[in-house]
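Please see the structure below; I have some questions.
Chains: A, B and C, in written order; residue numbering restarts at 1 for each.
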Amino acid sequence: MQRLSQHQRGLTLNELARRHDCVLRGDPGARVRRVAPLARADSRCIAFFLQRAYLDDLRATSAGAVILSERHAGECPVAALVTPDPYGVYARVADKLHALMPLSPGVHPHATVDPNAEVDPSCEVSAGARVAAGAVLERGVFVGANVTVGGNARIGEGSRLLANAAICESVRIGRRCIAHPSAVLGADGFGQAPGEDGSWFKIPQLGSVRVGDDVEIGASTVIDRGALEDTVIGDGVRLDNLIQVGHNAHIGEHTAIAAGCMIAGSARIGRRCRIAGHVGVAGHLEICDDVVLLARTVVTRSVREPGAYAGSMTPMEEVSSWRRNAARFRRLDELYRQVRRLERRK
Amino acid sequence: MQRLSQHQRGLTLNELARRHDCVLRGDPGARVRRVAPLARADSRCIAFFLQRAYLDDLRATSAGAVILSERHAGECPVAALVTPDPYGVYARVADKLHALMPLSPGVHPHATVDPNAEVDPSCEVSAGARVAAGAVLERGVFVGANVTVGGNARIGEGSRLLANAAICESVRIGRRCIAHPSAVLGADGFGQAPGEDGSWFKIPQLGSVRVGDDVEIGASTVIDRGALEDTVIGDGVRLDNLIQVGHNAHIGEHTAIAAGCMIAGSARIGRRCRIAGHVGVAGHLEICDDVVLLARTVVTRSVREPGAYAGSMTPMEEVSSWRRNAARFRRLDELYRQVRRLERRK
Amino acid sequence: MQRLSQHQRGLTLNELARRHDCVLRGDPGARVRRVAPLARADSRCIAFFLQRAYLDDLRATSAGAVILSERHAGECPVAALVTPDPYGVYARVADKLHALMPLSPGVHPHATVDPNAEVDPSCEVSAGARVAAGAVLERGVFVGANVTVGGNARIGEGSRLLANAAICESVRIGRRCIAHPSAVLGADGFGQAPGEDGSWFKIPQLGSVRVGDDVEIGASTVIDRGALEDTVIGDGVRLDNLIQVGHNAHIGEHTAIAAGCMIAGSARIGRRCRIAGHVGVAGHLEICDDVVLLARTVVTRSVREPGAYAGSMTPMEEVSSWRRNAARFRRLDELYRQVRRLERRK
């Protein structure tokens, strides 16, 4: 998303320290205008230090200031903002110095807004965007180039729909959400009734998608509309790119899901879960709050206890040895029974 | 896809029972106008019952009628349509009460139709759509907002291309198909000739994509065009979201594939297969008719017998025990040999 | 990509043999105009032979000429271009006979080019495309229908952006690159700072994406912009469809990656690697040059030695036996310990 390349006047270290509860070591009146990596920062930049791998960069930095923890503050050759949460403070400082580009309110002449759509005058609707009849864009919504907003969709205050995203009919998006390029919200769920001859009859998908506030939806991520009820994405959810969320799924508040996950229909995922890449979640099951799933896990039963779970990922190795081990997998049950027999015979 | 929120006049239970071979218990003249879940249905709604988990909802429902099987008909407090296939009947009733929005024939002034394209006057071409020279849209085709139809593509009667889909040049789509938002049909296959220095030379992809009748293609699903011959999708195939179909693949009639599957080039998949999420199919192999593949299976050899197959999915467990088991996987072959030795020594 | 269906005048076998260092057997003056499969080729076509599976087609071909290796030249009933690399020669001959459609320079009246964008007059900008302020399109760039090019992006000479692709602000693409339909370059990386209450604070993504020359990016593939530095794609890289490349990842020259791979943030992949489908690469690790990764491998540690690696893929089998084996996986560590005990006791 387009942001300012630097803060116009800069902010004083004093201001930053007070705003983010940091202990300041250095000149309170010094100003920084942008963030930069330790190795490339000059005196107008503020950097951050987190990982020991960058200790040499820290010692040699020319930054105006560095955000870091007490533990490494002694190694910092320049002004320091000391905090127990350098990453979180960095995120907020960067967001302040590099604010999102302000909107240019209005509807581009090459956009197509239906006369029966309701677009607040503070919105920016870009070239090639299409807003259909009955759609409502609340204050300060940004609709990017070639975005489509379907009939009766509602986009909450301050949300941003980026290039080529498709928001289908009747989808409701909360406030301050972001739909990244080519995201699709509200496509039909995959509901098919099997016939006796093996053919399929498409089941009308009559629900919609309801997205809470402060949700981020990654590029080319697809959230299907519900069959009868809605698919629901809770407040503060973070979805990475290329994720599938099936019809009638519920994703709880503040859950974060990494790229390539496939969440099947009617799955219910709790709050504050952290789901790594390529995870699969089967349909019609529940995952409770505060569950961590490692990459590539397949969830085929409900998870009722918070904790970290894994599966479906055997260690990488050279192809020759992997081939032998994988082949033995097919005899694992037999092997288990052999061991049992041997034990009994001793 | 946009559907009517209810049937204008409603349908009588008698009509529905006769049309769908149901036994009617209740007032034949009562009318229903829309479908609803058991718990939210009022007297103008028809609901369905399938899973015992919803038995309490059934017993308490205020629906005008319920579609269900003989076995549970006794539990239904309201009128009942009794059938051995409640799901199939529900699908058809829902489709009747909530028909697709009728088209508004014509080309939107903000669409771009090449003068050498052939668009039947019954088609609806939405704002931002582009139809290139030589393309043919048969009767009743819907082209959604910001869809692109390439040169010489042909879209069969009654097919619907939804927002931001891309149908590339020369692709042929049959009748009554649906391409969901951001689907891509006819992108170049991944054909690369390796050079001695490790570089690649792109192989022209000169085939196309041929899609049969009654096919549904999910959001952000990609079907590549063939290298020399065509990639072929049979009648009645159902593809979920975010699927890749490689060049020259063939998918047989009525096969259904769930989200996130990757079908490599020149794979031939039979008819009436059911393929679950995240499955991978290697190139240049065959899967016969009536094969079921469980989630996450990797198919690296041809499947010549109908049946259900699985692989590549070990059970989910807590990270600590998973770590131990996964580590042992690397010694599985060694373990197998140890057991053999022990057995011989007894 | 749209190519000529045949070469206007055709090329002589003599010309082709000389250009591609082949030994010609047959009439040097005979002309071929297009490529075709052995079984469908007529005397104006040139075909190629690679796999023994097609030996019958070779023996019965009516092609004007066949590209093949010395070993099978004796089986060819028509003129032959004999070469140690039939696939490579075929690729180049096909590219010559079926050249890309030449551009129709100019900006379509339904495209939207900002007055502050710089578009070379040799470029073709299609209907529905949007080129934002500060963007630069070098000589001979093709911008397809409904493509969006963000502010200050730069597209190198001869590159082609196909339908509905989204190139975000400040992304730099080299020369002769192809972005296939719905590709997304420069979406925000997935950077989220965790709060104590489980909520997330979005970390501004201030880097960009830098793509080298001769790169091909598949349909619906997403390359995220860097957090502070750039995400970098080296010269000659080939990315298939539906791939995710996380922020700050580096992909070395001539590496090819198949569909459905998820490359996490800050991963560094070397040159000339070949990565099969559905592979996952964790963040902050390095893969050296010349590494081959089999399908479905998960890379969770750095790979420092060239070679072929696999993991995470157990063999496909019938569901009933798979279920038993998968269940035993959970006891694999226990089994290992039992065997150790048994061995000690002998």
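Just so we're on the same page, contacts are C-beta pairs under 8 Å (C-beta built on N, C-alpha and C of every residue); 3 or more make two chains touch, one makes a residue touch a chain.
Predicted, not measured: the structure shown is a model, and the values here were computed from it.
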Can you grab the rotation angle between chain B and chain C? Superpose on CA, round to the nearest 5°. 120
Mind checking chain A against chain C and telling me if their interface is mostly the same residue numbers on each side, over half, or mostly different? different
Between chain A and chain C, what's the gap in Å when you average each chain's C-alpha atoms? 26
Among all residues of chain A, which ones touch two or more of the remaining chains? 110, 128, 146, 164, 182, 220, 242, 260, 278, 312-315, 317, 327, 329, 331-332, 335, 339, 342
Could you please specify the touching residues of chain A with respect to chain C in the complex? 1-3, 35-37, 85, 87-88, 90-92, 94-95, 98, 108, 110, 126-128, 144-146, 162-164, 178, 180-182, 216, 218-220, 236, 238, 240-242, 253-254, 256, 258-260, 271-272, 277-278, 290, 295-296, 312-319, 322-323, 326-327, 329-333, 335-336, 339, 342-343, 346
Write out the stretch or stretches of chain C touching chain A in their complex. 110, 112, 128, 130, 132, 146, 148, 150-151, 164, 166, 168-169, 182, 184, 187-188, 190-195, 197-206, 220, 222, 224, 228-229, 242, 244, 246, 260, 262, 264, 278, 280, 282, 292, 294, 297-301, 303, 307-315, 317, 321, 324-325, 327-329, 331-332, 335, 338-339, 342, 345
